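These are the structures, in structure tokens.
Shared chain: chain A. Partners: chain B in the first complex, chain C in the second.
And then the complex of A and B:
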């Protein structure tokens, strides 16, 4: 008998073990929901699966009586637009400023202390400032995501640039490269997979700030909807929305990982070999 | 008037004196091997010739001009590791050397120009024996193949000086022999001036035309960092006879130098 730490489950067993907790949670929910509904059919706390699917039908596949829109998809579109724009701008800022301060000591001296301080400001504390200065429109919500994620990405990229072996940068110079060429042909391609990694890690934070901003001031959006229906204790809407947000977050993370593996195979081989 | 002149060079980091009183002249086409105990400053001297470190005192002149204080095309380098670009294939790794100078803005070339650079690169890749791996990435190459690639890269710029910083230190003994042959061939064919730092005294004798032994002459037991190393032996190894004389000397001093 092998030691427990040396036992590797077989592939089918692995799959079974991965699904098991999800099945257990669903069964637990189902029995608890049945129990409560048997006691009080108007209970809203743990809606049954059929109530949840009715709610999904109503939100996603029926026109809203007042606006004639499919609310679920309007909410999804609005939220995806905000988080996409926010995290996209953060990634661009992170790449630009992170590379500048990682590669150029002159830039780093002026910029690094500033970004260290800025990254310590709790973004939610400046949310009122954003609403006052940018109004209640899209800009304030996108800005909150940027303020929440950009400093971390900038510092991460800066750190990765500085961790590139100095031998590589010296070698490029002995081959005749200028600062600019070192930046675009040596540093940029090596930093891209690491930028994608940093963005993946910031996605959780981005969702947090998106939903917070939508909860406070918005006319549509996944976070807005959850906090709106909370007033009526509509768990039958909140639960599918939460599952949907989780699914979106997973898909974004997964596609970024696949994109990185597709575009930078050398990086993932190298990392796997370490 | 020498090719490379090292004129009373001293180097220290804060309180730690690394090198002192180095005055040397090197002619074009020499192959200088540098040996000595760890931390005796042989790599520091290499870095000062490279331009990534500056002397604290004294000066280094290349063809009677002060040597550039930053790395440039005049001096090629092969490090022990991290000498090649991990994100480029073998061919791209060698081509990039000429693309840097051919396209100052994009660093990429196209069409006919690209073909010319590729042809030149393939020539050097063949010379170092990597033609079978031309489209592989560095992570798919063994340590010895990566060093071959690094040499091919450096040769693209026909540098006046080629610097080797323990280039074979991480390789197996068998592969090391092959690499010695390669570097000897490259040295003769390209009329290079080579400086090589090595831990392996045997290697230093076999490869070079001249050997520098680094050691501390002055010692202060109360302050071991107060004095730096000097070059205690400067041996010419041009002929067989000199080489043998040197080998005997090496055996005599090998213990002292290595176990310092």
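And then the complex of A and C:
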């Protein structure tokens, strides 16, 4: 008989097992929601699916009475802009500073301890300082994302640069490459897929800080809306927003992975071979 | 906070909200000058004494997040909760949880204010960006203030800002005006650039702090109402004592002087008869009409609401809104019993 650890589910079974928990959660929600709505048809805590779809219809496909905008898309646009800018700048910083400190011992000795300490400061704890230095506008929100994610990416890239086999670096040098050339022709291509990996891992953190920043002071954004309607417990709006955020995060993660597979197939072959 | 939310959800999933006769009750409150007496009543044993008198048990729970406390009450986790008149209308009543204002504790008489940086009159607010907790009583105060000088919310730009961060926010350059409540208000006023241009004493009696009870629970268990009201007015009678005030001051994170200055901008109803006559005044119905109109304009009565009167509000002098759909009631009968010494 096969040991339990060696039993592989068949493909259809795999699909079924993957869907099962979602279906169970939906069913649990549906029955609990029905029960509460039977008692009080205006209960807002667990809205029914039709109430949720009404809310989506209202937020996403109907013009807001006051501003004439489609709130859902305005919120999405604002949040995507912030997170895109924040994570983009973080990635650039990560690449630049990570490579510098990974490759140049002089830079590393001065920079590495600082970034280690900075990466350990919980950004939420220094919020008032962030406000005073960056104000309350867009800059502060993007900065919060950068402060939350850049140090981790920098450290990760730095670590990967240092793990590159020294034989490769020495070989390039014996062939006459300068430091610049080694950085551009040897280290950079090797490090790009790892940078994408680091960015993917920090997406969750970036969303966390985005929502926090929007909860603190904002005029639009996905986090802003959630915290605003929380004031009158509009779960019919909150639930689709949460699902939408999850979807966006998933799409970002997925497309980064595909991008990496497309641009750096050698890296993923290597990974799969392990 | 997230944990609390998940817990609420799980609890809500597994608990039913039926309000049958029972002998164990729980009430919740959050830190605010007018609600600190609940803390004192709990720790001094006054509430327990009154609960024992009516042979019931009352559990008093402090909740750090004000909105969360109302949400929990609305979800059925608490039988009563402290809140303002506006939140009572827009959260439990708009969720069709029939609620009764059992105790009218006080009204804000300067505890909420509009502050401008380096500007001295309200009319200069035009075109400014204003940081406040959107859809809260601050927002209501701003709307009333703008109305008083013939402006509307279109003339300003409102930025939702968490109350926890308002004081820090004020010190940044971007922020030129805020609307907030005490103790944040007095903290911001300490800065030389801050000028209070409008406050709740300009609209006296419109921001009311209540103890709100689930109507079904109350009618099935009048003893619960009697015990709460009895305890409340016994606590009120001790509030001339500095030792008691010091206790409340400490519990709210300030000192005696700070607490007294907050009390000075709060019109407390120390006597049950004052609260009763405030509740019986026809002005209350008018106030609730303003509040309902503001709430309706901002979509706080829910999307099914066709007009401001969708949710009926009952006061002793009459009903505002749909009489077939009364979900918020001002009932002075228990306070009357206290005034008559019948508890």
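In this section, the second predicted complex is superposed on the first by the 273 of 274 C-alpha atoms of A that agree within 3 Å, B and C clash if a C-alpha of one lies under 4 Å from a C-alpha of the other, contacts with A are read in each partner's own complex, and residues count from 1 in each chain.
We adopt the following convention: a contact is a pair of C-beta atoms (placed from the backbone, for glycine too) under 8 Å apart; a residue touches a chain by one contact, two chains touch by 3 or more.
Predicted model only: the values in this text are computed from it and were never measured.
Asks: Contact-wise, after the overlay, does A:145 reach chain B, chain C, both or neither (first, second, both, neither)?
Replies: neither
Asks: With both complexes superposed on chain A, which partner does A:224 reach: first (chain B), second (chain C), both or neither?
Replies: Second partner only, chain C.
Asks: When the two structures are overlaid on chain A, which partner does A:266 contact: first (chain B), second (chain C), both, or neither?
Replies: Touch status of A:266: first partner only.
Asks: Scan A:153 for contacts with chain B and chain C and give back first, second, both or neither.
Replies: After superposition on chain A, A:153 lies in contact with neither partner.
Asks: Between chain B and chain C, point out the one touching more chain A residues.
Replies: Between chain B and chain C, the winner on chain A residue contacts is C.
Asks: Under the stated touch criterion, which partner chain does A:168 make contact with: chain B (first), chain C (second), both, or neither?
Replies: First partner only, chain B.
Asks: Which of the two partners, first being chain B and second being chain C, lies in contact with A:198: first, second, both, or neither?
Replies: After superposing on A, A:198 lies clear of both chain B and chain C.
Asks: Common interface residues of chain A with chain B and chain C?
Replies: none
Asks: Can you tell me which positions in chain A touch chain B when the two form their complex?
Replies: Interface residues on chain A, with respect to chain B: 165-168, 170-178, 180-181, 184-186, 189-190, 264-267, 269-270, 273.
Asks: Which residues, counting only chain A, touch chain C once they are in their complex?
Replies: Interface residues on the chain A side: 28, 32, 35-36, 39-46, 54-55, 58, 127-128, 131-132, 135-137, 215-219, 224, 227-228, 230-233.
Asks: Any idea which chain B residues touch chain A in the complex?
Replies: 50, 52, 70-73, 75-77, 79, 81-87, 96-97, 99-101, 104-108, 137-140, 150, 153-154, 156-157, 159
Asks: Chain A touches which residues of chain C in the complex?
Replies: Per the touch definition, chain C meets chain A at residues 8-9, 12-13, 16-18, 67, 71, 74-75, 90-91, 94-97, 131, 134-136, 157-162, 165, 168-169, 171-175, 300, 302-304.
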